[in-house]
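Chain naming follows the written order as A, B, C and D, and within any one chain the residues start at number 1.
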Amino acid sequence: MGSSAASLGNARERLVRRAARDIVPGSVVNLGIGLPSKVAEFLPADFPVCLHTENGLTGLGPAVPLEEADRNLIDAGGAYVGTVAGAAFFDSVTSFSLVRSGRLDLSILGAFEVAANGDLANWKIPGKFSPGPGGAIELAQKAKKVCIVTTHTDRHGNPKLLRQCTLPRTGTACVARVYTDLAVIDVTPAGFLLRERAEGRTVEEIRAATGAPLQVAKGPLPVF
Amino acid sequence: MGSSAASLGNARERLVRRAARDIVPGSVVNLGIGLPSKVAEFLPADFPVCLHTENGLTGLGPAVPLEEADRNLIDAGGAYVGTVAGAAFFDSVTSFSLVRSGRLDLSILGAFEVAANGDLANWKIPGKFSPGPGGAIELAQKAKKVCIVTTHTDRHGNPKLLRQCTLPRTGTACVARVYTDLAVIDVTPAGFLLRERAEGRTVEEIRAATGAPLQVAKGPLPVF
Amino acid sequence: MPLPDKLEGLESAVARIPDGAVLLVGGFGVPGTPFTLLRELERQGQQQLTLIRNDANEPGTGIDRLLRSGQVRRLVTSHIGLNAHAIERMNEGSLDVEFCAQGILAERIRAGGAGIPAILTDVGLGTELAAGKTIVEVEGRPLVLEMALRADVALVHAATADPFGNLTYAATARNFNPPMAMAADRVVAETESLVALGDLSAENVETPGSFVDAVVPLSALTEDYGIVCR
Amino acid sequence: MPLPDKLEGLESAVARIPDGAVLLVGGFGVPGTPFTLLRELERQGQQQLTLIRNDANEPGTGIDRLLRSGQVRRLVTSHIGLNAHAIERMNEGSLDVEFCAQGILAERIRAGGAGIPAILTDVGLGTELAAGKTIVEVEGRPLVLEMALRADVALVHAATADPFGNLTYAATARNFNPPMAMAADRVVAETESLVALGDLSAENVETPGSFVDAVVPLSALTEDYGIVCR
């Protein structure tokens, strides 16, 4: 845990840690592949939560090193994982039944683009990246709440928060909140609303890195 | 087994025994409530077959006396039953998935009426008997083969084999063969075809008790 | 990260059922019927209930007690032949009964639990069970539109549960319980045996606890659960 | 009344797959993939196959070997991101790929195994996955018509089997295997362990043997089945 968290880098660790703070005790949560999967590492050891992985497990435990791995026990990203007491295995049909029927309280996903109305694009870049949707469509469209953890801009510095998605959408009007290395931003009927800023970041800086109008919450802006 | 078979009476025992002879080794079979359920008693002890009951069991064994009954183990008729080695329990969804997807080789049902085109009525007598369809609709419409065991006439002496059903149908053109106390009759594109007669019964007698034209198979008519 | 605890007392678990609720009730005959939850519901007296259940139990037991106490407005079921009282209530018009083919009842509940709004089937075509239903033509083939069934509350009976709500069932007491335990906004499971988290094999859990909201351990089994001598 | 015996040799079980067959292939990544059946299929060389499988395995293993040997015409899948070779084949047009949302892929296979011709869902609406699909309006709500998927043959991997074909699966090796083991005209299960009839608890059977046509015990596990070091 320590080493993995350390390897995230300071800004990423801070945003992932911030996302972890919002998880409601007792909820069922699916953490997407990559950065979202790190959120679990920042939950207190005694925090009551049920982690779901869509390849067929509730009660997902931490990743395990290869020498302790069970060849039959992976998460949806292919990482070898453990289980917690009370875990249950099930097939892919049951797993997505859980997602679609409203039993998944929270899905934390990555994003290529998030639109001001909550549209999400995270599964395809035509001509460049088309591995297929996997479970992303249902996780985005059917979780009771969808949050995004992502860098605020792509590696070329282009904003990921936009007026409208330019890439094929994963879901429409599905994102509730975005955690980035710069800010915590809610999707509201009036568009993006800045709720918190990362330590050392100014509102102007965040606005400049955002590709859509950014409202700012009233009162002093919390820092994370 | 002995006592139960004895209680059937001679003519009924003969027809049930005859129905048992047609069961194909290795098949999956559902036996309806009442007379059809007796068919199992006339299968040889070493006969390879898998009996299904739609409340959630393959590998159904013989009925058990109350003093040996497991309160959680019944067949679809509510009788306490046993299991054979290799039995499996499953839920009602899986049970009817088996029926609908073509994994049920044979369904043996009772009948109020069978029409010359294979239509079956066995679930409702308007104004008199309307307990609901239970599993009858799917057993009749979806088993790969549907056979009927029944008395040739009702208790008022009226024929059960008719030109057309007068009662609400369970399924259309679904019955392949009918075993009665008088005869074995196939449903063919040309209507009812007499295949075998019960010991001591004449073709004329069978025809008189049948409410639709009855073809007679060529050659000497086997007696059962 | 311990899994959440969902243990709840009988009275409190049932008290959350409001008047007018739609309830899924597990069981096929005696096995798998949540008799204790049903007796508590009778005691508390919620009114105008809609029950979805394979059968109507036998007279004087299970949901028949709620029919007799006048708490039930409507019953969605497949076969009530073992309950002459229910048939009488239906025939006299004081109980609204909707019949479904048994497997389609199971499948509609299953669709509700799977977040699938509707399915298309040829089961029932050519019978009065398809009468009045929407027919959708698919690749030239007429199919009956069957809507998913969901309930406000599901009442199920488990053989074993842990505090998170992972459930197993005994023998043919499984029947409608697993699909029902997925198809309600609130799933309440009574259980014959309560074990600690981790005592159930993760591979043998039949209903994952993430579908279950309340686990009510039974202190004793009433005679309702016993062998029926007909 | 003994249950029928379905034990079959590897070569014979696979030899029944004809050219042009549609195959369901179990597994999600390594766990649950029937590597031995797939290697035998590669050896026998059946052509023009359509595969339905969650992913494309990793390069050089599982179904990727059949892609490389040119035996596969079409792949219905949800995500092939771990197999650059498959993506390349798709992009160059030598492999016809149909993508489904993962849960809808599972649900379509499940419908095939449940004898349900089609389901209606809102999943995929507003995305290109719904493009070109039939929309059915139900109670004022547009829903996507998703057809059941069935195959000529299903190839699944079990942890334990008995000779009748009752199957259990290990941990997350379950994944697509249970629905696939219901959705083909012929279901072939390779198994790591073979036990006698009656050795599996009837309550813990995951796939009832009545859905299974051939049980192929594995004499050894090749390294395909082992831990992947990325």
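The definition used in the following text is that a residue touches a chain if its C-beta (ideal position, glycine included) is under 8 Å from a C-beta of that chain, and two chains touch if they have at least 3 such contacts.
As the structure is a prediction and not an experimental result, all values here were calculated from the model.
Both chain B and chain D are touched by C. Relative to chain D, the chain whose mean Cα position lies farthest away is B. Note on chain placement: the centre of chain A and the centre of chain D lie 30 Å apart, centres being C-alpha means.
Note: centroid distance chain C to chain D, computed from Cα atoms, is 32 Å. Chain A and chain B, compared by their mean Cα positions, are separated by 57 Å.
Shared interface positions of chain B, defined as residues touching 2 or more other chains, are 57, 89-90, 93, 96-97, 99-100, 142. Annotation for chain D: residues touching 2 or more other chains are 107, 114-116, 121-122, 169-171, 174, 202-203. Taken pairwise by the contact criterion, the protein chains fit none of the simple patterns, being neither a path, a ring, a star nor fully connected.
Contacts between chains, counted with the stated touch criterion, involve the pairs A-C, A-D, B-C, B-D, C-D. Considering their complex, residues 25-26, 28, 40, 43, 45-52, 57-59, 61, 83-90, 93-94, 96-103, 142 of chain A touch chain C.
Looking at the complex, you find that chain C touches chain B at residues 28-32, 54, 77-82, 87, 90-91, 97, 99-107, 109-110, 121-129, 159, 169-179, 225-230. If you check the complex, the residues on chain B that touch chain C are 53-57, 66, 69-76, 78, 80, 89-93, 95-97, 99-100, 124, 130-138, 141-142, 168-172. Within the complex formed with chain C, the chain D residues making contact are 107, 111, 114-122, 134, 136, 138, 141, 143, 145, 147, 168-171, 174, 202-204. The part of chain C that touches chain A in the complex is made up of residues 1-5, 112-116, 162-164, 166, 182-183, 185, 196-198, 200, 202-203, 205, 208-211.
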